[in-house]
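Before we start, here is the structure in question, set down as structure tokens.
Chains: A, B, C and D, in written order; residue numbering restarts at 1 for each.
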């Protein structure tokens, strides 16, 4: 089984990088959100402090690289490159699902290289929520964390992907209870993350009550796993699966909506991910009260080229964020949430009809 | 007359399959409706039960094949193929208008083949409402039902088509009273269906009061009968009729709007049809409180190719529906109506201004 | 001066027919308005009565041909053709501005031909409101009316056209008072009409108070006079005027908005014109409470080809209107205003913010 | 340093004129605003008075040419040409940033030529707000004003441009206090202007309280300085800066929104600029309660060609404005604010959610 898993992981990387697997008829919602430019920033751009403390860890900027890969030789190089750069920049990093290495010890190195290259960066281990139903428990979680000396564990929820891929595991009965068991026993923070379909207010509430310490909403509008499975099915001549992939290509809660759904509902940090492509997007996510932001695709494409390219991509994002903060007269990440933003269009429509408040964002500090 | 009717039926099939007769400037409204993805489905996809009981009959999935055709040799093959597949899958099926066979006994076989191939499936006989004004009554209704040993009779209302086609019958005076006479006498359920222009709340109310047991709203956004008549007129060199077809191409109440108009007004099952093209559409219709959904065009195109193709099309729709239910954590068709949906855009605008409630759909089970 | 006027009129016809002089970035607003289809019309299409009485005259359908032309040989043929057809169909007709013939008696025939060919049809004489400021009075009005034995006089307001064309007269001081003087003396009804830029509620009120008996709102969304002047200026090498024409190409109040602005404000008949291109548009105008509708461009293009073509165009419009009425179960023109219409989009937005009621249209007869 | 500044200024002009540096995914908002045409203007177009008094100066029309350039030989010719035309037309003019000439006396002529050619026109001197933090004070302000015998000084705020350009100065700490010091000492009016990113209500309030006498909101939707820097970076092979320019290309508050934000907040004159391209735009800005309007780009392109071309561009704008006023029956610039305008779309959405009133504009003088 693991060989097949490895082949699948290789395909995932190839398809993500070479095919158009972005959302097609749905967007993140960030394009509906406008900042209110401040002609008098009143600050010195040089004094802007991008650092933030989340999960008791100090990040030099509110940015982590999302869980991408592991298990294959190429994955090993990618993890190594990303780790090297996040260590240098003081960011954080999640690794891809570690199941493959929990089951085959010889694959551990493709993950543990992350800690080797990033001795102090915030590293997030990763296992699938659905594995918890299929026999995994505290033991495997600890094994995954130990593998990279993780600062936290991310339990990923990927029902869409499991439902579309032929080899998918689609028994999610009791996943929440299993998560609760883990959070009760584990000292380090448990983060729950989606994988591109977003998290609704209702689920956010349940997760917080289950003892989860952070929620990565991973909304719709960026890379679509259904699209990835569409291309895999096309390649393997499986028209039925291909049609399924097509039908669910744009499924999910767009990122901006999901950030608000969860952040207006829970009191734990929200990590914003899903289609974040610029420092302006990062700033919008933070203004919507995300505590951290996370990207995968742009970093994956860069990491394949090397650490120089990776460093450029991440530095540009950080500089863009710094610029936004300068243009809003905001000198700390914590106070971005005090600057007004105007939520319009489909995003405002979704949030209002779902019962969330949108006016207060636009009037913050107006009076 | 019947020969001409047969020619017309042949043309209808040819044009529906080979020309673009879809709505052009109007859509079903389904694209305005979003599900709220559930990252924690909490169920086992394998345990999802798609079966439903409507009209006292148990369907293995809330899906029937809409009234398509009859009367010609090709129609006979199509009915046979569809019947074979719906029997196998445990679905239901409506036949095309049976008037032609009521008037010419030798054409009965093109309809009765449906029951031969589908001994247990839910079969719906079919006569035109306008025929009831032109002399038809309980006798003809019973004859139509007996022809296919029908489980129900659909009386179709097609004023648009009658108004556009040169040979159209456009006296609809007293149709409602005639329907009431039929429902009063008939034991089996009477369904009233539109043919692509939708049913408004006002008409739904009248139909329920007239004793109708189900309403197939057949809304706008899928196949346009005005478009079919446009192509017929073009072929026959009738510019006046062609212009009429063009002018009414997009006439009618879009499907999503019509489902809500009727389902918020009556207490009998609503059958959703008109432009349903995927299992996601089916799920949206059910979430809007339709009891069954119905498709014609995609099944017609498949049925011409054979039962294998037909089975694939219907199975894919069912799998897509099952996937949606999995991603919403819904394990029975009956509880889809408890999951939140976000109605936006033109559809929300139409419904609000017409006086229907749209917020409650978005907040179901939120608190 | 008159020669120049004649040349201008010839150019106007040529440009209107051969160039694209339709509104570009603005529409009539009719596309924002939806009828609520009635699957049970409950009537016999054959019994639909299209006749209506307005200004004490009985029209066989609520449709007149808008003021088009006069003064030139070609205008004479056009007026003759249109008159012949409206007489046959029992409609009405307005002639173009008669100033040219008031000043040059030999040109009278190009107008009086209308009455010769249409002995019983409702004919509307036509003079410019701005002429009333420049010396015209009751005498000229009566002369214009006598010329065609008119049933009514239309005083046209064309400030946009006058402002754009190099030879334009742009003193509109006291036009309203002059209109009041005419209405006080004249027995036959005075209609005031715009020429493609629409009439606002405020102006409608003033006109009603001035004794006007009908208002032709002539809204934006159809033929643009600024566009016509754009092409004239281009032809004559006048870049300054060409730029002016371009800048005002889409100026004015869209037709649907203007109908509501005026009909919710006055108690005299509203004539709807400006971009009406189908019987569906006609029905929408009537549902918005216009008493008559009027078209120019499509009839002009047809009239150049002859009476057959003209009769076809008008008959098709009437049949389309009849079809709409059938599909709404409405058997008289007067009761179209009782059938619900759904006003959405830009049109609803304009009307609401201007303080007009839009919900009641959608709920008429719902309860 | 000054040499480099001069090279930069030359590049700015070349890029502004030859590249597409207009906003791409954002518009001024003027397209969301509609006038309510007045079919009965009730005035004589000839009697329309375009003159207005602002800052104690009488302008023959509410139009000035925005701060463009200075310091280079070409800038000198441009300033000379514009000055000649604004003098002739009785308008006003701002010069580009004078820092370069404050520091190098031999460059003064490129600015002072403006006063030479425009002995009576309203001339506005120009220094950067950020220079006030870097050592400039009353002395330099007075020097700049004396250089052109200015009627007012504009302090420009350009944090976006400074943040994007490699040589940018991004310390804006204390700019507001420095402005307050200048206004306290200077007799002539101090205007504060943005440079294409707009001014928010909050900033407008602070500026008024700091003694500023006019605010040029310079909103987003016209020339983008980020775009200019994008092209400079591309030319100089600086991919990082190029990406930054791209990311902030459309940053800022659109012009229409900014006019309302500020005009509903302060009691000093608002100058509207940013993407104004026609007399219709000018009229919309005035209807939103701007006291003056200002353009740069179209005048720059014309001025390079000469005074004839420049005079044509400005005369056309004035004639377009006069036409709008005529079509609204408004005979003075001051009363444009009494005529109704309909604010729709994104602009209405932004303003409403930010807490500004939009209905009253549409109902002015309705009752």
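We adopt the following convention: a contact is a pair of C-beta atoms (placed from the backbone, for glycine too) under 8 Å apart; a residue touches a chain by one contact, two chains touch by 3 or more.
The shown structure was predicted, so the numbers you read here are calculated from the model rather than taken from an experiment.
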Smallest count of steps, each to a touching chain, taking chain C to chain D: 1
Angle, in degrees to the nearest 5, of the Cα rotation that carries chain A onto chain B: 90
Interface residue overlap between copies chain A and chain D, same or different (over half shared): different
Gap in Å, rounded to a whole number, between the CA centres of chain D and chain A: 42
Computed distance of Cα centres, chain D from chain B, in Å: 60
Residues of chain A engaged with two or more neighbouring chains: none
Topology of the chain contact graph, where touching chains are joined (line, ring, star, complete, other): ring
Chains grouped in pairs wherever the two touch, ordered by label: A-B, A-D, B-C, C-D
Residue ranges of chain D in contact with chain A within the complex: 25, 129, 157, 159-160, 163-164, 170-176, 192, 194, 197-203, 206-207, 220, 240, 243-244, 247-248, 251-253, 346, 349-350, 353-355
Contact set on chain C toward chain B in their complex: 31, 34-47, 278-280, 312, 315-316, 319-320, 323, 326-327, 329, 340, 342-345, 348, 358-359, 362-363, 365-366
